[in-house]
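Multiple structures are listed underneath, in structure tokens.
Okay, so chain A shows up in both of these, paired with chain B first and chain C after.
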Partner chain A sequence: MNKASSILLLALLASLAVVLGYAVLSLPGQADGLADTVAAQMDSSGVSHPVTAVLLNFRGYDTLLEMAVLLLALFGVWSLAPQAHAGMSATSAGPVLTALFRLLTPVMILVAGYLLWVGAHAPGGAFQAGSVLAAAGVLMLLCGKRLGGRLAGWPLRVGLVLGTAMFVAVAAAVMLGGAHLLQYPIEWASGLILLIEAAATLSIGITLIALFLGVRPITGQQP
Partner chain B sequence: MSLSMLYALAGVGLFVLGLHGLIVQTHLLRKILALNIMGSGVFMLMVALARRAPENPDPVPHAMVITGIVVAVSATALALALILRLQAMTGRAELPEQQTRP
Partner chain C sequence: MDVWLFVFDLVLILTLLWLAWRTLVASDLFKSIVLFIAFGLLLALAWVRLDAPDVALAEAAIGAGLTGALLLTTLAKLKSQSKPQKSDHE
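After this line comes the complex of A and B, so read on.
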């Protein structure tokens, strides 16, 4: 890129920054947004934390589609990458990393469970818990540990689709009771949200770990 | 100007900075990093604007950002897999039209 065009680019980007900054500054300094609408409907959501209520109840359809996006990204990665090559599994980690992995993994699983449970009434929930679970899995991969051949087959696939499948199953099941898609009955909402979040946590964690690995794990049946 | 507006302007700054990197950098890994910086700018803008509510922050942008972060991570992973495939096929991690230029 020559000098004239880079100056032109900087000028264009600076004017974009000015326009965007002006747009942000011209917004009203105080705005309720949808906070009041959400607060008014909190009683019917089944949880007491507004973000979880929005995520799993009021905008549950968005979250369902985002779970599907995660799954699609993994399908894309798996179809682009070759099957796992043997060189990846043979790395050995130092003693410090291995000891750290042994120490931290139970704590991280505990924290993930806590985040999942606490999401009903405080900051937390499926996505945070899934990320912590994924961090534990990434640590496992960095230690050179891999899934065994049997676990990498259908148990892995079931874990990957569990969240989306549970979401779709609940969404469809409430329609049998005469409600709309994802319209939970009020007395069951809390339990259904926890059920979806538990499955979603597991799936988000496993999907992120599989994305980090980047290759389709070798299954026991097909060498 | 309130503190949340300062954060919102910083988000705009990150977005433009990322856009500059996306245009200027030729290596695809750097382009992906630039895209992630742009995304972080958008997330920061949304969280900052949600804070303008008088009492508790608006939960709707928060919910969008939470899912957005995880989706951005998975999109980055897909982009990295695409780069690896491109490099395996052509030996270079750059776009074809940028290879012809000096």
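After this line comes the complex of A and C, so read on.
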């Protein structure tokens, strides 16, 4: 890079910094936000933790689209990456890593379940629980273990789309009762949110593990 | 008590800025990724100080943990693609 272009870059960065600084300074000092609105509507959300209420109920559409984006990211990786070949699964880890995997996996699954359950009334929820599940899966991949041919076929695909599919199904099913899209009936809201979050946890975990693997797993029919 | 919290916040902010700078200028990509993971963990601490434990959990689990793991596998793949004759570490 020559001197003129680096001076130009510096000037552009400086002006960007000035614009950003001005934007921050021109924000109203004490914004009310939507916290009061959320607090007033908490009784109709089905959960007692405001963050979960916003993510899964009040702004459920955003979360639904986030699930879809995660799935699309994996489709992108799979269409660019080569298919795994049998030699790739031959690596084996040392005894320490394998023992650690055996010890930690049950704990991680328990923690994921706890985070999913506690999300209704305290910090936690599907994304956190899913990423803990994914961490257990990454440990499994690091140990050289791979899904067998039978599981890597349609059971894997079902696991990947389960979260998004469950979300869409619930969102559409409530319309049968005359409500709007994603407008859960108040008496069922708690159960429906837990159902969506459980499916989403599983799908997020599997999607993140598949992203870490980076290649399409071998299906049973391959020669 | 408040003074100590203020000092803690100040050290946290300075460490975050320093880590971010080192992440950007590190010539070794592996070093850069490790610094990025450390940055993510400290950023989770910053979210806790901002009373946002939900974001802190997500940052620690996804931002630091899984993104770091994804970056490390990408680095391993890049290395094995550019130097196919060299047997790379897993």
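General observations
In this text, the second predicted complex is superposed on the first by the 221 of 223 C-alpha atoms of A that agree within 3 Å, B and C clash if a C-alpha of one lies under 4 Å from a C-alpha of the other, contacts with A are read in each partner's own complex, and residues count from 1 in each chain.
By our rule, contacts are C-beta pairs under 8 Å (C-beta built on N, C-alpha and C of every residue); 3 or more make two chains touch, one makes a residue touch a chain.
For clarity, every value in this text was computed on a predicted model and none was experimentally measured.
On the superposed chain A, the positions of chain B and chain C stay apart, so the two partners fit side by side.
Of the two partner chains, chain B is the only one touched by A:Val77; chain C is not. Legend: residue contacts after superposition of the two complexes on their common chain; A:Val51 is shown touching both chain B and chain C. In the superposition on chain A, contact is made by A:Gln128 with both chain B and chain C.
The superposition places the C-alpha centres of chain B and chain C at an angle of 40 degrees about the C-alpha centre of chain A, rounded in steps of 10. Once the two complexes are overlaid on the shared chain, A:Leu25 sits against chain B while remaining clear of chain C.
Once chain A of one complex is fitted onto chain A of the other, the partner contacts of A:Val138 are limited to chain C, with no touch recorded for chain B.
Once the two structures are overlaid, the count of chain A residues touched is higher for B than for its counterpart among chain B and chain C. With chain A fitted onto itself, chain B and chain C come no nearer than 6 Å, counting C-alpha atoms only.
Within chain A, the residues touched by chain B in the first complex and by chain C in the second are 51, 125, 127-128, 131, 208, 211-212, 214. Partner chain C is touched in their complex by these residues of chain A: 51, 91, 115, 123-125, 127-128, 131-132, 134-135, 138, 142, 208, 211-212, 214. On chain B, the positions that touch chain A within their shared complex are 1-2, 5, 8-9, 12-13, 15-16, 19-20, 23-24, 45, 49-50, 52-64, 66-67, 69-71, 73-75, 77-78, 80-82, 84-85. Against chain A, in their complex, chain C makes its touches with residues 53-54, 56-58, 61-62, 65-66, 69-70, 73-74, 77, 90. The part of chain A that touches chain B in the complex is made up of residues 1, 6, 9-10, 13-14, 16-17, 20-21, 24-25, 27-35, 38-39, 50-51, 53-55, 59, 62-63, 66, 69-70, 73-74, 76-77, 80-81, 125, 127-128, 130-131, 204, 207-208, 211-212, 214.
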